[in-house]
Amino acid sequence: MLSDPSAIDRDRLSRCAQQLADAGRELGARGWTPATSSNFSMRLDTAHVAITRSGGDKGRLGPEDIMVVDLDGRAIEPGLRPSAETALHVQLYRRFPDAGAVLHTHSRTQTVASRWFAPAGVVRLHGWELQKAIAGTTTHAALLELPVFPNSQDMRVLGAAIDAWLDAGKPLPGYLIDGHGIYAWGHDMAEARRHLDAFQFLLDCELDLIRLGRACP
Amino acid sequence: MLSDPSAIDRDRLSRCAQQLADAGRELGARGWTPATSSNFSMRLDTAHVAITRSGGDKGRLGPEDIMVVDLDGRAIEPGLRPSAETALHVQLYRRFPDAGAVLHTHSRTQTVASRWFAPAGVVRLHGWELQKAIAGTTTHAALLELPVFPNSQDMRVLGAAIDAWLDAGKPLPGYLIDGHGIYAWGHDMAEARRHLDAFQFLLDCELDLIRLGRACP
Amino acid sequence: MLSDPSAIDRDRLSRCAQQLADAGRELGARGWTPATSSNFSMRLDTAHVAITRSGGDKGRLGPEDIMVVDLDGRAIEPGLRPSAETALHVQLYRRFPDAGAVLHTHSRTQTVASRWFAPAGVVRLHGWELQKAIAGTTTHAALLELPVFPNSQDMRVLGAAIDAWLDAGKPLPGYLIDGHGIYAWGHDMAEARRHLDAFQFLLDCELDLIRLGRACP
Amino acid sequence: MLSDPSAIDRDRLSRCAQQLADAGRELGARGWTPATSSNFSMRLDTAHVAITRSGGDKGRLGPEDIMVVDLDGRAIEPGLRPSAETALHVQLYRRFPDAGAVLHTHSRTQTVASRWFAPAGVVRLHGWELQKAIAGTTTHAALLELPVFPNSQDMRVLGAAIDAWLDAGKPLPGYLIDGHGIYAWGHDMAEARRHLDAFQFLLDCELDLIRLGRACP
């Protein structure tokens, strides 16, 4: 049974569409959404999510590029087909009741880091002051683990890997997909953006250290 | 026998000249057309191609910087001399009847990758989600081969190497020339731009992985 | 006993707030103040300092984002709480009577260099013409030492390490904190900015040389 | 005996000052003139040169920042003191009668390359298509040698090293100074800019190849 489209708060949808367009334009300008990749979403209410549609230049999003889905990822308006990655967005809204915005991008740094750390399955962040930009982290001395899941064109395979991580009780501040990109989120768009920026910065620093040989001999 | 200049659709030529100027300005702003290098073209009809003239700043193309040649690379208007690389553009239009736009640039990444992969003769792309931006590629698991041909100041030598690759029945999604740059194309300018952007991103990622030592130990 | 707020020269405070906002906007645009990190200050008179308040985007500073503290780091207006790092700023104004402006940023280069050189405890700069941009340095042949102090969430621990360095009589042209960022200063904002730019450039060059293997074999 | 200031063509001086300001603004925006470094000049006539004065931000040059010197580097107007590097500019105008513009910058790439190649004393460029941007080079197969001279705060020492290179009959398309930067020139400002851009691109490519391990194994 589909949700009732008339139940959506149109004012809230309009404000979310604007925030999604702003995020797309600013992240696109940095080259984090190459070709027609990447997708962004915001929670509208306890049962609905506004999300970017498949394809299109994410740097130039208009109201017509945003659609509404329920928490199972089904379009509430007939005839619109959600992108495949919608399944990963709604999984996060189901598993994290506080999540209000989800950002999926693939900058060069995110893509390369995902590939380089894939054999280890995780990026272990430690000793960086900027870890404090991630909600719940209060010291550089904490260990922050960002998992890397194997890529798949089948979203059920990807979703199952993420569920397995969470079901094992491990903290999930964000995740990478091998050769593909990153998912970051927050209670609102501002926090999701801060988390995305912090992960980009920390991954840049980690890759720089590796290129340097980790530490001065 | 030369083509008849009066047979050219002037409206189509004007629209193509605008798209070529837009591409030149945007690619030039990224530093992909250093000095007076690079050239761009679009197919006008089954027998003609609009192409940038030799020399000049490719970031500031006006109508007078575009000329029309036939599929053998001869100017249809007497007195205009096409650039040497025109031969490589028309070869692509002859061999790929669907090709509508060809872009030749030499960014730092394209140039360095061409040189580094020259001994192998090919860049083997595998495992990157963004490979899907190349027409006909539907999964990151595909193998995408981008050949690197030796550089020559004699376009006949270069053309023969490309013909030999195609005559051997190998797919050709684009190609590099050693120490020189890249050729990318598509059925229209938008697809040629998407292919060029995807190759730049994928070459950047490959070079980054090599600098990191391929994968975490 | 707190200072008397009415003793502050409001014109000077207003001019300093403008210079702090300009510095924040320009350094923020370069990505040197990720998330809500970084802080900037200027000396108002022999007993007071204008400094950025905790949190907030340092790229968009308004007059309300600046507060006045005494040289012990206490707010002169009741109810305002200075950021933790205020203690490090006022330490510099106490120890260097000529210091007129202090800048704390954490660019990727500053952060990575701080981490890579941490085991050595110091970056030894030598042979760079741009060392002459640091006040008191007149030749590339001089040795310029930039210490790296271990990071701590306790500012008293950090302050003690800096005091110990100075009490040992060693020159301190600026300093790094491991995994965190840089502190640079000057007799006015222009000199502080020049010092910060020079350290960024010199750290970039040092890291580049290390990635290259120091020198051609 | 000093030159007669009234002998200077004021219209030509004004046009040169504009070209020098344009070059300073564009090169400064790229970060190639850190702190108050770098200097630029143009030949006014057979006996005079317009050159930037010492100090100041080279990104914001006004007419008052340009002075006129003779080919021995002496100011033609009493009271103005030329910068130390003026001696290196006029040496180039004396030794190359066709030189019309000289640019001295220190980008990060130029500075790092100067330091890395200093032990070899020369950068040997070979196999790059963009070498053709250097006047007199018609093929990527040519060998282009860019010497690296040891840095000195004494311009007479530097000048003697350059004279020795030229007196040995070796071609000099430009030169680096160890830990310092580059000098490039051309018959006019456009050619000097093209040479400077080409050297920057070629040095970037060479350093990239070294970081990659020269060639694919």
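A, B, C and D label the chains in the order they appear, each numbered from 1.
Assume a residue touches a chain if its C-beta (ideal position, glycine included) is under 8 Å from a C-beta of that chain, and two chains touch if they have at least 3 such contacts.
Since the structure is predicted, the reported quantities are computational estimates derived from the model, not experimental observations.
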Given chain C and chain D, the chains that contact each of them: none
Type of chain B:chain D copy interface by residue overlap (half), same or different: different
Rounded Å distance between chain B and chain C, as computed from the means of their C-alpha atoms: 48
Where chain B and chain D are represented by their mean Cα positions, the distance between them in whole Å: 34
Euclidean distance of C-alpha centroids - chain A vs chain B, Å: 34
Contacts with 2+ other chains: residues of chain C: 211
Chain-level touch network, classified as line, ring, star, complete or other: ring
Which pairs of chains touch, using the document's own definition: A-B, A-C, B-D, C-D
Chain D to chain C touching residues, read off their complex: 34-37, 106, 108, 111-112, 115-120, 151, 153, 177-181, 207, 210-211
Residue numbers on chain A that touch chain C, as the complex places them: 127-130, 133, 138-141, 194, 197-198, 201, 204-205, 208-209, 211-216
